[in-house]
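All chains are identified by letter, namely A, B, C, D and E, in their written order; residue positions are counted from 1 within each chain.
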Amino acid sequence: AASTGQNAAASDSGKTLTVFAAASLKAPFTKLATTFEESHPGTKVALSFAGSSDLVTQISQGAPADVFASADTKNMAKLADAGLLDGAAATFATNVLAIAVPPANPASIASFADLARPGVRVVVCAGQVPCGTATAAVEKATGVTLKPVSEESSVTDVLGKVTSGEADAGIVYVTDVKAAGDKVKGIPFAEADKAINTYPIATVGSSKNKELAAAFTALVTGAEGNKVLSDAGFGTP
Amino acid sequence: MSVRIDAAIAARGFDVSMSLAPGETVAVLGPNGAGKSTLLSVIAGLLRPDTGRGEVDGKVLFDLGPATNTWTAPHRRGTALLAQEPLLFPHLSALDNVAFGPRSAGVPRAAARETARHWLAEVEAVDLASRRPGELSGGQAQRVAVARALAADPEVLLLDEPMAALDIHAAPLLRRLLRRVLAGRRAVIVTHDVLDAYMLADRVIVLEEGRITEEGPVREVLQRPRSRFAAGLAGLNLVAGTVTAAGIRSPEGLEFAGQHDAPLVPGQAGVAAFPPSAVSVFLSEAHGSPRNSFRVRLTDLEPHGDQIRVRAGELAADITPAASADLGLAPGLEAYFVVKAAAVSIYPA
Amino acid sequence: MRHGYQGVPRWIYVLAAAGALFVLLPLAAIVAKVNWAEFLPLVTSESSLTALGLSLRTSAASTVLCIVLGVPLALVLARGQFRGQRLLRSFVLLPLVLPPVVGGIALLYTFGRQGLLGRSLELAGIQVAFSTTAVVLAQTFVALPFLVVSLEGALRSAGSRYEAVAATLGARPTTVLRRVTLPLVLPGLASGAVLSFARSLGEFGATLTFAGSLQGVTRTLPLEIYLQRETDADAAVALSLLLVAVAVAVVGLSYRRPGAAGGRGPGGAERATRDGAPEPAPERAAP
Amino acid sequence: MRHGYQGVPRWIYVLAAAGALFVLLPLAAIVAKVNWAEFLPLVTSESSLTALGLSLRTSAASTVLCIVLGVPLALVLARGQFRGQRLLRSFVLLPLVLPPVVGGIALLYTFGRQGLLGRSLELAGIQVAFSTTAVVLAQTFVALPFLVVSLEGALRSAGSRYEAVAATLGARPTTVLRRVTLPLVLPGLASGAVLSFARSLGEFGATLTFAGSLQGVTRTLPLEIYLQRETDADAAVALSLLLVAVAVAVVGLSYRRPGAAGGRGPGGAERATRDGAPEPAPERAAP
Amino acid sequence: MSVRIDAAIAARGFDVSMSLAPGETVAVLGPNGAGKSTLLSVIAGLLRPDTGRGEVDGKVLFDLGPATNTWTAPHRRGTALLAQEPLLFPHLSALDNVAFGPRSAGVPRAAARETARHWLAEVEAVDLASRRPGELSGGQAQRVAVARALAADPEVLLLDEPMAALDIHAAPLLRRLLRRVLAGRRAVIVTHDVLDAYMLADRVIVLEEGRITEEGPVREVLQRPRSRFAAGLAGLNLVAGTVTAAGIRSPEGLEFAGQHDAPLVPGQAGVAAFPPSAVSVFLSEAHGSPRNSFRVRLTDLEPHGDQIRVRAGELAADITPAASADLGLAPGLEAYFVVKAAAVSIYPA
């Protein structure tokens, strides 16, 4: 609370590691940052969460990030193509889709095909965002065409529609179902593995703390990281 | 009485009760800040008195007291107010300003405009009909405002200094117009000009410091003023004091002999009134037929018609410029004001 | 003639220029980044045009709704005298400060299927969520304070002297409102309406949360831009220029003749006088 | 005494009540949903308090910046006469309509390391983006139009008659500004400042894009709420109540004595007169 | 001449050129809408004429023409304007309103307040010092506004109807105050009252429809008016026409015999002026010593001092109330106005 309006990278030079991570990674990364600070006394980890594409924009505009963890490979590729990464990205987690329904399951959804029944209000991600791309892949694989009432721009928005009871079902990631606790019921479906989402992590090229960044990446991709991530529902690559 | 107003406003030291007979026009006179505009605002319903009661033809305008709280909104009172400022609606043309009253009474647009044109013609402002208020001169705006109040054709007309800002041609014109319009109509008119009172009103009310200090038919009040203010209006010198066998003794000890038509009781309060034209000025005490002579210090000389008005404090004398030049009068000089007893009216206060 | 009194100190212009630059530079920066070759196809794509059409329709509808609800609110706040007036003013301003997403959630809690009113509405056969109506409601919710605040300010500074005069001429309150109050505060009402329209046009968070995002039904231009950004940030920025252009057009049109035109050429004299009419000459009586 | 003229038609109150309900119901719905047992620990958590503190500081700073830049802009727009005045007005309003995220990108294009000015600033050793300064800039960018619009409206309706009088009494333009113009439009300036403060307090999109989201440096309360929503939407809603409470307090304080207090009890008479002083009596001369 | 103004404003049909000698006070008279306030606004710098040039002591106020565009801002002109409305700053107390001018001139607050208190005392408004303008009556506000203009202590004082809204006590008070203040000071004062012109001004300018129609020393203009407006002001009947051997023939064919001090050339334009008090009223044509007798239709009767003023169109006669009653005069009646040639002044127009 004592921090002042100074630039994080400029203060405490060399001792603050700035990690840009997709918003869906907030819970596990907060935990991992604490672990990292304990194992590297004197080092502070500053976490900045936002949508992956927001973060990419910021990094390309010179944001002082050391590490970037994306929720999809496409956004990581943008940075790689622009030559803004230091080395290659490593995959540290996977995630698959699940159907989320209100706890009472008013539309009695049991399978992916049920979602196409007339009168069922389904909410999905729009094709432009990773979960929407994944949904489209599943649709293609199953031959089921959904008639969604809304194509949201993030899983959080999809989940919001389900938890508020506005939609009868939504397609999100299993980690989201898990994080939402008992506010929604998750219905896994077999076709989900047709679209596995992978989470890459990399050191940013302009980082002034490349060694620390590598250490953090190692923590995330290592056993410790695996455990924390799978507690949050992520799969191992 | 068809109109009765009784109202008190503590914050302005205002406490007035007045009435209006059917068809009667009352002129309200009084110094600046006396409460004249306040009175009109109370009648019009723009100001809510602390306590009091107002009635027009049995309709209660307001009845405010510990137990009562009746209030009639301004638009239901049947009064129209010409305020001390023109306050023309800036977004409407002069014509539409004047047509506003009739339109509000439900008259169709064309007919209302016809009426408006008529009233604009009456105040000699037809050629201004299409102008916006922002394009009118002060006097032009005042004329349009008068036309607007008259066009509303109210049961009680309230006029606050209607002749303000008018030129010497427009003022008599408007005075004649008002005399015609006010004949047989109830109206209250605030003015600083006795001519308005003489020509337009049946009765005057003199307001001073929020209270009525004098009231009565115009001629009576202005010919036999009891208050210094009314005397000033009537252009008379007024000395208040106690009645003695000879006449009136002022608090400063001056004695005034004069005429009276009713027997006076020595010791009672009375006033002596005399016109400045009856006062002669001498440089030294001269004993002659006039019985009233007293020493004064001149404060001011100013032209007054063909004469020079010589002031000494509250008293004034009118003399010819030649006489003034002969005597070498100037402010600060000591002189004697001399009045014939025959020119002094004495009556009880 | 022209009014001679200007009265703006010279140094004020310097600060104003700094302020203007602060707003204009970022806009210029966007414009500079636009890839004009890609711009036209992007802007004329079906999804963009659909979104633009939806945005214009819903913003117009919500502006109307803002006027219908906001004008009375502003009147009551400016002219009425009742207990809780100050509290009401604070509350009416809240949608300003509430993050739009939370505003959307609040609307869901109210008009949603499980919401306060939603259940009754559902029984009446009205379904608000995921419909264009929801977009209009979300936009109205966030835009209403703008209209109320600017109109209340205008009403207060106009004062009620002319209204009082109108009443003494026999005009009923409704007549006073229609013929005196509203015409007098028209500039304030216009700028309030422009503000609400602009805010509606740019509204994003509450719409997304409350109404969802379906092409042609609830996906307004800001939502389209947001989605576009996921794949191509530069394209999104370019698309937002469309929004900017629309806004400039709307604002420019509604502020027609905002004051005395300062004509400089010959004949400028007459023009200035006519134009100046609504704003009185400095030495003149009418306020 | 109290002014007798109210002049708000009865039916206006009905519509105003509808408008008020439209704003109040969603707020009530939020409050009803809050889990009060969880509320207190959530609100008093370190991250929340840090975010709140940052929000208050940055919003205060951006309000000051808005006043410094916005008052001159409003003056120039309301009183000046120059070519391009209308265009300038349109442009100054644009941040209103630009989706905040795009606004953030525009700021990045300007003040970012690769931006228009950013490069020169970098050379001067100043790095703006992703610092608390960036938060203030982002908030100022979105909040500036509010101040300009409401103040310009107030300036226009106040007119320049008193300024002209002051000038004829020998006051230089700066004196006129300080002793006449600003005191006369103080209510407009106050409501403009409140609007910008509220908008700054609620600002989210531009901040996230331009300043990032680092705890204690750039993560303001709306950003904290956004993050909170990723894991627990209800907690986010509860947290936004904190924002609401702050806003109510600020708005309530700045609108102290907005008009004649309608005291009803005994002694109300004197009070009303004193309070009523700033707003002239309906029958009185001064506007 | 120390002050020279030359200005034209096409939109108001205004085209005036005037000057002011050092220490001179000029009264501007004229009907409503004549351009009096416009003239003051132009001098004060609130209104920019289309073309023209203004100068004070060699300092150019404005010089606007095809080739020139000089403009001095109002606060640098050394003029102070009392506008037709008080326009007191609503957010300042009466005292601070009056202190505004001195404060703007750089006087420290306490000293400025002292000055302000002095001027408030001069207009008898010290007890209003702490009031806000919203709490003043119309006349009280006017007095404070006058004090404010005087406190600014300008090189040229511009007063637009300074006596408006004042009561019968305050008006002479203010007139005396102004006479003292204006002695030796350059001032332009707009008024509808000849008394102001007589008492305060060295020279009058009569403005009509945006042009100067008459100009000269006060007495000369008011005793030998050439315009109907000035005649009205002076309380004289004025008939314009052509000079004949006998006197003046009006366009309607009436012949007026009269006195003249300069030889007149028949055929040239001239005027006949005579006071209403010199006019007698007869019901039938009576041949006697007076050589001027003409038939009129009475339009109006109104009290005028002790007399009755009988109007017939533009002409007026003053007779006693008794005579009026005897003759049974009433508007609409036909009568004869008769004037002795000795009472008629004839001079070239």
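Here, a contact is a pair of C-beta atoms (placed from the backbone, for glycine too) under 8 Å apart; a residue touches a chain by one contact, two chains touch by 3 or more.
Values in this document were obtained by computation on a predicted structure and should not be read as measured data.
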{"item": "Dominant interface by contact count, named by its two chains", "value": "C-D"}
{"item": "Chain whose average C-alpha position is farthest from chain B's own", "value": "A"}
{"item": "Centroid spacing, where centroids are CA-atom means, of chain D and chain E in whole angstrom", "value": "53"}
{"item": "Length of the line joining the C-alpha centres of chain A and chain D, rounded to whole Å", "value": "35"}
{"item": "For chain A paired with chain B, centre-to-centre distance based on mean C-alpha positions, whole Å", "value": "86"}
{"item": "Of all residues in chain A, the ones touching two or more other chains", "value": "57, 160"}
{"item": "For chain D, residues contacting two or more additional chains", "value": "5, 101, 105, 109, 115, 161, 164, 167, 172-173, 176, 226, 229, 233, 279-285, 287"}
{"item": "Of all residues in chain B, the ones touching two or more other chains", "value": "37, 44-46, 73-74, 81, 83-85, 136, 138"}
{"item": "Complex contacts: residues of chain B adjacent to chain C", "value": "44-46, 73-75, 77-81, 83, 85-92, 100-101, 103-105, 132-136, 138, 141, 148-149, 152, 154, 158"}
{"item": "List of chain C residues in touch with chain B within their complex", "value": "161-162, 164-173, 175-176, 179-180, 183-184, 186, 273, 276-281, 284-287"}
{"item": "Complex interface listing, chain C residues touching chain A", "value": "105, 108-109, 112-114, 129-130, 208-209, 211-215, 218-219, 223, 226-231, 233"}
{"item": "Interfacial residue positions of chain A with respect to chain C in the complex", "value": "51, 53, 56-57, 121, 123, 126, 128-129, 148-153, 157, 160-161, 164-166"}
{"item": "Of all residues in chain E, those that touch chain B in their complex", "value": "30-34, 36-37, 84-85, 136-140, 142-143, 160-161, 164-172, 175-176, 192, 195, 198-199, 229, 232-233, 300, 302-304, 311"}
